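Next come two complexes, and both contain subunit A; in the first it sits with subunit B, in the second with subunit C.
Coming up: the complex of A and B.
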């Protein structure tokens, strides 16, 4: 799937942007030209040779804070996506195979989680468990998990009634074997799309929570936190929110682009599309097997 | 929108159909007027009544969480509550108590009894008469109500006798501060009839102040109209007030610019934008003072050298420069410079000297990094980051902890290290005892009290405010209080306000917002 995604321009661009963001998260603290927490008397200074993005209201280097803050945003969004994946996918697949009671129960739980306003719920849980990004993201991941539950369930339903699955059941195959052998391959592509989308959503959530001062303790820098503090000094630095806002936008856009690319290359239609492109590139005309359907 | 009601006609057919068209238009207008006018009038309610009248649209950062003044306490929200409630006294531009509901007062010869003489023929907005029994009920409620935030302020009051329009207040000690104390901060008087249900009063305030609440959306908005029965109603020129909880600080100026509000308290960082927008920006005088609160009952502040190290590590000017944009001032006392209680003799105590702070820590047996403290605060505050940075420079590692339930451990004196800011009190003694007294709510180290403070405060209480010795005695009490190891004062934040030019200047009553005589033009 990776090579097919990278065969698309959109896939390559998305991967490049996300790789850059991941690199920032990994090396950001070392790349920072100044201590992101060091205050100086040069407050709200404009861009200069020593401070490329200027300084904030406490005289701290904005570029260093952006670089240092990238790790929290990346790890937070990954945490949201992975928690949602872990909590949502397995029950989603098993809800088709483990009988009506399990199905009814998981569906009701998913409906309940969907009904909860995630931001409000995250704030409430943080008030109970303490202000930390891990708790905030765990809660948010759990609240987003119905997305994965439904995607996994829908994909599983499409194969559950297929003749080869019925044959496997008749042959006495276990649920685990059927899922591993037949279901997983069908479920994986839509889940990969949902995962990429959720990473983007996760960035927005981390940024929103840190914008509200939730999830991190000051003076730890975050992109959302930088954006929030910049808004108070627009008279002095009207351009200041641009850098964190653009970083957030670029990351979310790249995650969505990646989701689109995965969707485009998976399933029958996706494979046909790639084959068609290869054929065109080879000068042999459109592939004859293109179909309108797809997973 | 009107163009869409009927299809547009061509010029050619206009003359022939003009008469019929006029008739149809007249009929339609009459029908619409019949239906819409009463409906719109009903929907508009107070708002439509307000149109064309002088309306104050106030965006406040201190929108009251409680409208029962006994529960609200004597903090910054008293300014908003004083729209509804009047008091026995108020303060003038020099900060001195002047008549409000009480037209005069007099002490007995000993100074342990004061009689307030109320104005005649006044009533609360529910029709209950304003008399001495209402004053008695208000004081007793403030002293006894379970959720009262005021009982600690009224320790000098033993009992009250109600004699018609004379409220005789018996004191536990000689105390000439009482007229200063029983003003808008501490004794806003509610209707005793309404106060029989404190919970209801908390959301439906009934007072005898300049305005009456007509609509209240808790935590969000209050709509008020002028109280024609207020004793000084002739000097209130505002007909309606829309009090709104201020949104994010960065959007208040836009709200003022677009006319959503015409009056708001603003952050110093917004002052330049407000000026640029053509608004009136001014600093209302006040008694604000920010402090770092230490608990000397807990390590490491049980060591005097550590406390002194913190005092020398604090660079007050940095707070002023970074947080007040030049509108504030440094102070090492619970008042700003220039206030009568400010002690000039203590002005240079504990100057910024990080080298000395490091030396003191070493003498106390601490190397750099040995002391690790949690600075617990209720919300994100750049002040905390400055404290963290300054103490970090002398080797004290500070971690900022935001605790939304901060008030509970702070007032229970469970915290070791925190921040607090006072807006001051009209009685300087009240400010001093709140900070340095053994049970002072702002003394994180209760029951600790600096030696000599109690005697110094008693002397102030015994000194009439017009005595030539008053200033000297008061400043001596401040000096005694500043021996406290529990508080490090840093700076005085400004009461910065932006208003539309249509609102006339406010009286400069320190720490108050007084609407007497204020006009709103162009209404």
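Coming up: the complex of A and C.
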């Protein structure tokens, strides 16, 4: 699947942008030219040789804060996506196999979670349960898990009604064996799409929460927090929100692009699409171009 | 579809009209009943989770009123006064009965009536959310229709590209950019604050335009995308080809055949967007200094005022459910497929 995603231009671009941002998150704290918490007398300075993006209202270097804050923002959205995956996929698959009571119960819970204004709930619940990054990730992950629940359930349903699963049931296979052998293969691609989407959504939520000062305590830098502190000094530095805003948008965009690319190559028309593009790129008929990679 | 329509009319001419009215009424009632069957469990589960928040959080009014070093006896006395020593389900039943009567209890921090406090903020939030919906629907419909009518041309690609850019801008980023450019830079709008509509429509609009614009980007993107996909799919249907072959004007084909059938996904998205709109008010009201309902939720949550937070959450659930009922009714009225109960 990976090599097929990378054979699309959009897939390559998305992967490159996401890799760059992951690299920022990994190396950010070491790349930072200054201490992100060190204050100086040069407050609200414009961009210069030593401060590429200027300084904030306490004289702290903005570039260093941006780099140091990338870890919380990126890891946060990954955690949200993985929590949502864990909370959503397993009940989604089991809802098809575990009988009507479980199915009804999980469906109602998923309906409810979708109907909740999740940012409002996230803010309320996180503040009441104790303002920490772990609580924030668990709560937001649970709130957006219905996406995974539905995707996994829909894919499992199509598999469960197929003849080869019926054949497996008739020949006495256990539920666990059927899930491992048949269900995963069908469920995995849509889940990969949902995962890429959730990373984008999770990124928006994590930045929104850190913007409100929820989940992370103030002196620690985050991309959302940077925007929040810029808000008070727009009269002096109207350009200041540009860098964190562009970074947030680029990340969300790349995650969405990746989701679309995965959907394109794994969907019904996936292989045909790639063969077609390769044939066009080669300028010849489809005969010479076999698919490059496996799943 | 409904039995009311099948009853024999007493007088033929008036009876036809009566039967039609009854038929419409029956359809509305059927839609309402179907929606209620979906949303009643949602409401029950959501209120239960909301109420369980207090037990989960372990917060108590005694902490707020007596401070950190209160004696256990004093804490027990305060908790008994708030009725918190009763069994959980009894408390839930009492609270739920109050909610059904519009009584959301009293605030832990200042003893004020929470329904009144929320009522004060609701006007602000609903003004902003309403305008955001109007902007989102108008712009989304215009862009979606334009892209579908000019599909596969450069106009379509330009609209799609624009929508993609719009869709990756979170409300708080848009809000800050709008403040920086339109309020601080060009002085076109006030940067913060709110004026009720009763004090003049002009100032009221000026104060809610920027927050509404910030919230609307998400709606614009989703409505435009869904509408384009819905319309393009509708244009491929056989009945549209048939209508074109029969020589109907392009305008008539679009309005009667394509629009009504392609509208469904976009309208359904609107129902799903509303919770996000209510939720994002937390952020926009913070940016634009509005004393609305999202701000109230944030402040109460940070202060540990559990009944106030529960009240806000319940009101937000009611808003979402009510809005979805309206969307379902419109959906049932407009699109032929939804009317057949598909």
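Of note:
The rule is simple: the second predicted complex is superposed on the first by the 276 of 295 C-alpha atoms of A that agree within 3 Å, B and C clash if a C-alpha of one lies under 4 Å from a C-alpha of the other, contacts with A are read in each partner's own complex, and residues count from 1 in each chain.
FYI, a residue touches a chain if its C-beta (ideal position, glycine included) is under 8 Å from a C-beta of that chain, and two chains touch if they have at least 3 such contacts.
Predicted model only: the values in this text are computed from it and were never measured.
Superposition of the two structures on subunit A leads subunit B and subunit C into a clash. When the two complexes are overlaid on their common chain A, residue A:116 makes contact with subunit C while staying clear of subunit B.
Shared-chain residue A:127: touches subunit B and subunit C both.
Touch criterion met: A:234 reaches subunit B and subunit C at once.
Measured by the number of subunit A residues touched, the leading partner among subunit B and subunit C is C. Residue contacts after overlaying the shared chain place A:57 against subunit B, while subunit C stays out of touching range. Of the two partner chains, subunit C is the only one touched by A:208; subunit B is not. With both structures placed on the common chain, the touch criterion links A:149 to neither subunit B nor subunit C. Superposed model on chain A: among 243-251, 369-377 or 477-485, the stretch of subunit B in collision with subunit C is 243-251, the rest showing no clash. Within subunit A, the residues touched by subunit B in the first complex and by subunit C in the second are 127, 231, 234-235. Taken in their complex, subunit A has these residues touching subunit B: 37-39, 41, 43, 57-59, 127, 131, 213, 217-219, 231-236.
On subunit C, the positions that touch subunit A within their shared complex are 38-39, 41-42, 45-46, 49, 53, 56-57, 59, 164-165, 167-173, 176-177, 179-181, 184-185, 191, 272, 275-283, 286-287, 294, 297-298, 300-302, 304, 306, 309, 312-313, 316-317, 320-321, 324. Across the interface of their complex, subunit A is touched by residues 248-250, 267, 269-270, 272-273, 276, 318, 321-322, 379-380, 382, 384-386, 388-389, 399-402, 404-405 of subunit B.
Interface of subunit A with subunit C (complex): residues 108-109, 111-112, 114-130, 200, 204, 207-208, 211-212, 224, 227, 230-231, 234-235, 238-239, 241, 245, 248-249, 252-253, 256.
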